[in-house]
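Read through the structures below before going on.
The following pair of complexes shares a single chain, subunit A, combined with subunit B in the former and subunit C in the latter.
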Partner chain A sequence: MYVGKKVTRVDAYDKVIGRTRYTDDLCDKSAYIVKILRSAIAHGKVVSMDTSEAEKIPGVVRVFTCFDVKEKHYFPTAGHPWSTDPSHQDVADRLVLTEEVRFYGDDIAAVVAEDEVSAAQALRAIQVEYEEYPFVLDVQEAMKEGAPQIHKDYPHNILKHTTIRKGNYEEAIKEPGLRKVEGWYETPTVQHCHIENFICYAEMEGDRITVVSSTQIPHIVRRVVGQALGVEWGRIRVIKPYIGGGFGNKQDVLYEPLCAWLCMQLGGHLVKIDIPREDTFASTRVRHAIRSHIISWVRPDGTYAARKLEAYSDQGAYASHGHSIVAKGAGAFPQLYPCENVEVDAYTVFTNKSVAGAMRGYGIPQAMWAVECHTEDVAAALGMDPVAFRRQNLMPVGYTDPFSKNELYYDTFNQCLDQAMEAIDYKRKFREYQNQTGEIRRGIGLAMFWYNTAVWPISLETSSCRMVLNQDGSLQVQLGETEIGQGADTAYTQMTADVLGVPLEYVHVVSCQDTDVTPFGTGAYASRQTYTAGFAIRQTALLLKERILKYAQELTRMPPYNLDIVDGKIVRITDGRILMTLGELAAEALYSLNHSQHLSAESTSQIKSNAYSFGCTIAEVEVDIPMCKVKLLDIVNAHDAGKLINPALAEAQVHGGMSMGIGFGLSERLLFDEKSGRALNPNLLDYKLSTFMDHPRLKAVFVENPEPTSAFGTKALGEPPACSVAPAIRNAVCQATGVAVNEAPVNPHTLFRRFTEEGLL
Partner chain B sequence: MRKQYKLVSCTINGKQVEKMVDVRASLTDMLRDDYRLTSVKKGCEVGECGACNVLINGECFNSCIYLAVWAQGKEILTLEGLSGPNGELSDIQQAFIDEAAVQCGFCSPGFIMSAAEILEAGREFSDDEIRKLMSGHLCRCTGYENIFRAVKKTMLRRLGKEKEAEEV
Partner chain C sequence: MYDIKALYEAESVEHAVRLLTEHPEAQIIAGGSDVLVQMREGKRAGKELVSIYMIDEMRGVSYEEDETIRIGSLTSFSHITKDPIIQKHIRVLGEAVDMVGGPQIRNIGTIGGNTCNGVTSADSASTLFAWDAQVELTGPEGVRRLPIQEFYIKAGVVDLRPGELQTAILIPKKCYEGYAGHYIKYAMREAMDIATTGCSVNVKLSEDKKMVEDVRIAYGVAGPVPMRASLAEETLRGKPVSPAAVKEFAETVLEDIRPRDSWRASKAFRQHIAVVLAERACKESIRRAGGEINA
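The block that comes next holds the complex of A and B.
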């Protein structure tokens, strides 16, 4: 059996010898190069554009402006499954090039040239005349009466407002003896920073367009490109090679529509759009900055009487994934620490800033920042131990969400807490770090998280798989669910080998998705793939096995129920005798003069279940108060992701998520100029991504409670590691200094202000 | 403006080569476009991310901010040149596989080249020194943890410290 083992990644060898081909490595050098002209204002209208000087530059093929987009096919960009119900469809508010400018960096023209340098020169030679409008950068300012209106159909710039009402908050707060604890908690705009920038290229063959793209969601890209061009979706073919990271940014349709549109304008010539790092920051997608206001009414015994959350999510200029992000976070609020009386109001609001979309954790890192900072504050207000207070209030075993039917089957939270506390020697450190004085102080803090696997029942969950047997008994496996670095192909290989009963090396997972040949699947997001693809793999492998054993009956005269496939051999289970190898059977099946058969299987699993994934982080810090600096000394994440398919890759996933959480908590923030709306630090030097030197050793521990609804006992792990890190660090700083910092990142700028306010400086 | 070209002769992965190169081209462009050495990755093109690192006369450089014409007469080693003629892996490449230090793989070539340079020093670095020496590279997948393990283990093994390597 391979599931549960530390199997080596199937793509590791090619990656360490430099043979793996990514999008740019595959593009023919005859491609025209595209450079996109970005608006130099945050809000307004392009009145005119003079491209005459740009067009004179040798090497420039054509310059396309927003005025060349005659047929206006507005399209949505979120990497969500399409809904045939119009009320569930994503907002279609983008054009390939736009006259209406809604943020600094909007796409207003595109230069097509034979080489990079001519394209860059031409960009600088274009003269643009704008009509400027007032702009708004703050999410709550944007909701005020008289604020600049960014999209005409959305009064007060509110894309969506949803509520959750449980019990009776107003009555419940009248209970005598309650303590009110209130706070505002804020997370910053951050960016995914996949090392491969977004890139795609397009070319026509006949009347069809092929787009090769660095995407997480090839089948969704196909649909959206079709919508954006106003052509039949079947005329679009999308190919996804290996990609250099995505983290949710590539769960959006980015510049594939523009690339395909330019290709069509140029008679189908090969065109490539390679987005520079600076534009990846400012003009692809970012994580929603969310400002949360929480009020808790607590009894002296540490139980909640009533709770209220207001969350304001900064959408930026276009709808993209929109309200789904803050809605997911808001949904976690009444569940992580259940309470009888809850009010939640979640708002998603347009501002004239970079567009926010999906990013690892999808609203949960922001929600956990608010909830877990607040939980610490409540425990402190009551004089309760932060661990004991959490244990008392956490979602109890047996809790079931009435909407998703998700259930907490095990005492997972306590098990995760116990494991993490032991791994980091929490109790001793917590005791030692109480009541420190002096300039350098240490602290230890924790935070929990809740994360929902996959998207059912909010949206479609489906996965299709194809398996084709080769002459030697090996097989190709194809899925629409994509490898984006997380190790999906390796997990699929392990699953297939186990269900079919063949050695690992017999299984060839086709890594590249091509919408012309790959079965339909929606792609890499929502930490869904190991869970959802697992169903399709098990079902398809069982189907293939049935066909193989039926054919084996013809060759061996034995009934299928007396046969099995073990280690790539057809075995008679009544006596364990090996009757033939799978290779012998496969060759006979293909070349038989009596009964030739191509042995394959293909099936779809629609999944109408999903699963909670849980865990926690404990972080230990040293704070230099005069320097306003935090050094992370030790950190551990504990996860219950069900049964691990591959413990080595699971651990690696957790490390990466922790690293992203460390950046979110301590250093990362995309800043915008108040005067112009321009992104101020859109590069890897000024945007402080964690480096090798900013981390201690990263520890990951697991509680493997098998998930009963899952095909392989597994559930979400891709995003969960990023969810609880930042508040754990904040809570550690709080223990060290007594200062509660409610605004992430906890960087020197924030600490200087807070330490000054609290009289430490 | 007309393009200007210059003949650049150098050794790439042990082979003497020469080609006319656009004088404005970076070494990244020359290696990727003229020699199709696509392990040299573009992540920022301004020397921030380290994905394009190659060894020039044994020293690691960001090839994106190194002009192609400066390669004249130099010995250049890319990841393609690190493994043997029959695909045999070097110890550091094997360690990246064994330690699960590879995820999306886009930053891996640069990391491995920097690691190769550090390991060539033949001395034992402290953990902090290893972190500092590797800090010119950015990775968003791994949190650097398994890359650290791979580099440190390989360093210790080269120094004959097999037991210490097991404990990393």
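The block that comes next holds the complex of A and C.
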């Protein structure tokens, strides 16, 4: 059996020696180079554009402006499964190039040139005349009467407002003896910072367009490119090679439509768009900055009487993933610490800033920042121990979500807490760090997180798989669920080998998705790959096995129920005798003069279940008060992701998420100029992505409660590791200094302000 | 792919001077870790370049006859850090340049490039200011030397005349003998970062280590170019070693420095940090010089 073992990644060697080919490696050198002209205002209209100087530059093929987009096919960009019900479809508000400018960095023209240098020169030579409108950068300002209107159909710039009501909040707060704890909590605009910037190229063959793209979602890209071009979806072929990370930014359709459109305008010539880092920051997608207001009414015994959350999510200029993000976080609020009387109001609001989309955690890191900072504040207000207070209020075992039917089957929260506390020696440190004085102080803090795997029943969950047996008994496996660096291909290999009964090396997962060839699947997001693909893999492998054993019956005269495949051999289970190898059977099946058969299987599995995936973080810090600096000394994440398919990959996945959480908590923030709306620090020098010099040794511990709904007992682990890190660090800083910082990141600027306010400086 | 109009490779200092005279618009390129970044950003796109990177006579650290330390302008940061002369006399300079960027940048980046760039945040510059370094400039008129403070004219502009290149950085014996120093780079990350403020202090103590005979302090990012805090130096020079004296010294820097508000950091924050750095760097310098002072 391979599931549960630390097998080596199937792509490890090629990646380490540099043999793996990514989009740019695959693109022919004859490709025209595209550079996109970005708007230099935050809000307004392009009145005219003079491209004559640009077009004179040698090497420039053509300059396309927003005025060249004659057929206006508005398209949505969110990497959500399509809904055939119009009321559930994503907002279609983008054009390949736009006259209407809604943020600084909007796509207003594209230069096509034979080389990068001429393209860059041409970009600088274009003259643009704008009509400027007032712009708004703050969510709550954008909601005010008289604020600049960014999209005409959305009064007060509200893309969506949803509510959750449970019990009666107004009545409940009248209970005598309640303590009110209230706070505002804010998370920053951050960016994914995947190593490989977004890149794609397109060319035509006949009347069909092939787009090769660094994407997480090839089948969705096919649909959206079709919508953006106004052509039949079947005319679009999307190929996804290995990608250098995505973290949700590539769960959006980014520049594939523009690339395909330019290719069509140029008679199908090969064109490549390679987005520079600066534009990846400002003009692809960012994480929604969310401002949350929480009021809790608590009884002296530490139970909640009533709770209220208002969350304002900064959408930026276009709808993209839209309200789904804050809605997911809002959904977690009444569940993590259940209470009889709850009111939640979640708003997603347009601003004239970079567009927010999906990013690892999908609203949960923001929600956990608010909820877990607040939980710490409530425990402090009551004078209760932060661990004991949480244990008393956390979602109880057996809790079932009425909508998703998700159930908490095990005592996951307490088990994770116990493991994490032991791993970091929490109790001793917490005791030692109470009531410190001096310039340099230490603290330890924790935060829980709520997360759920996959998207059912909000939208479609489906996975399709194809397995094709080769002459030697080895096989290819194809799935629409994509390898994006997380190790999905390795997990699929392990699963297939186990269900089919073959050695690991017999299984070749085809890493590249090609929408012309690969079975339909919606791609990598929602931490669903292992869970969702698991169903299709088990089902398809069983189907293939059935066909193999049926063929074995012809060759061995034994009934299929007396046969099995064990370690790549056909075994008679009644006496354990090996009758033939799978290779012998496969060769016979293909070359038989009596009954030749191409043994393969393909099936779709629609998934109508979903699983909770919970855990926590504990962080230990040293705060240098005069220097306004936090040093992370130790950190541990504990997860119940069900049964781990590959513990080594699971650990690596957690390390990556923790690193992202550390940056979110301590240093990262994309800043926008108040005067122009321009992103001020869209580069890796000024945007303070944390480096490994800023990390202590990252620890990951697991509680492996098998998930009953899952094909392999497993569930989400892609996004959960990023969800609770930042508030754990904040709570550690709070223990060290007594200063609560409600605005992430807890960087020196924020600490200088807060320490000054609290009289520490 | 870089937008370079032409590249001329200099084989000697004299050849470089000739090339620069023949191509007055050309930009000098050494390691390229700043120039190529600027070209990519479009700031110096389409320029001619004179590369001086192959001129080995401009590499290395040595003593001149009068024991002046001579650092060839092409010496890379990592070579400076590992150099025995630097380690013996100006360890703090080796430490300061070891905080530049990451290992790759420190292998390609040169101290000449770092100073000719004219930026206030350069990690080598504040220490060179604090050690009264001189720069050697070679041009069509010959060789001249000037104090580094005079070399910096304003943000991004240094005193390089047409046809001239910086060939060495010099630290005379009287400027280093008996001194010990400490540099603190205040940045938002532990690596790959630019200084929010950088502070380099050095002291020379009396024989009994009880008295501060001399103290020098310089900052990066406390003004448009690196700068000394002379008023602060005066408060401590000739004083007995004591925490109170160091504190007064640190607080006085606010009369010298001129930080500004920017999106990178507020003026108030930079001022606060400048004082903390002065105090800490000074105490550490005293300890390194053999003095005793508590935290």
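Things to note:
The working rule: the second predicted complex is superposed on the first by the 761 of 761 C-alpha atoms of A that agree within 3 Å, B and C clash if a C-alpha of one lies under 4 Å from a C-alpha of the other, contacts with A are read in each partner's own complex, and residues count from 1 in each chain.
Keep in mind that, in the parts below, a contact is a pair of C-beta atoms (placed from the backbone, for glycine too) under 8 Å apart; a residue touches a chain by one contact, two chains touch by 3 or more.
The shown structure was predicted, so the numbers you read here are calculated from the model rather than taken from an experiment.
When both complexes are overlaid on chain A, the residue A:Asp24 reaches subunit B alone and has no touch with subunit C.
Counting the residues of subunit A that each partner touches, subunit B and subunit C differ, and the larger count belongs to B.
Contacts of A:Leu649 after superposition: subunit B is touched, whereas subunit C is not reached. In the superposition on chain A, A:Met693 contacts both subunit B and subunit C.
In the superposed pair of complexes, A:Ile243 makes contact with subunit B only, with no contact to subunit C. Of the two partner chains placed by the overlay, only subunit B lies in contact with A:Lys15; subunit C stays clear of it.
In the superposed model, A:His269 lies in contact with neither subunit B nor subunit C. Of the two partner chains, subunit C is the only one that A:Ala120 touches; subunit B does not reach it.
With both structures placed on the common chain, the touch criterion links A:Leu685 to subunit B and to subunit C. Shared contact residues of subunit A with subunit B and subunit C: 117, 684-685, 690-691, 693. Considering their complex, residues 115-117, 120-121, 124, 626-628, 667, 671, 673, 680-681, 684-686, 688, 690-691, 693-694, 747-749, 752, 761 of subunit A touch subunit C. Put simply, subunit B touches subunit A in their complex at residues 1, 24, 32-33, 37-39, 41-46, 48-49, 51, 78-80, 82-83, 87, 89, 93-94, 96-98, 100-109, 112, 131-132, 134-135, 137-148. Taken in their complex, subunit A has these residues touching subunit B: 6, 8-9, 11-22, 24-25, 29, 58, 117, 192-197, 242-245, 247, 274, 276-277, 484-487, 648-649, 651-652, 655-660, 662, 683-685, 689-693, 695, 697-698.
Subunit C makes touch with subunit A in their complex at residues 1-3, 42, 45-46, 186, 188-194, 196, 263-266, 268-269, 272-273, 276.
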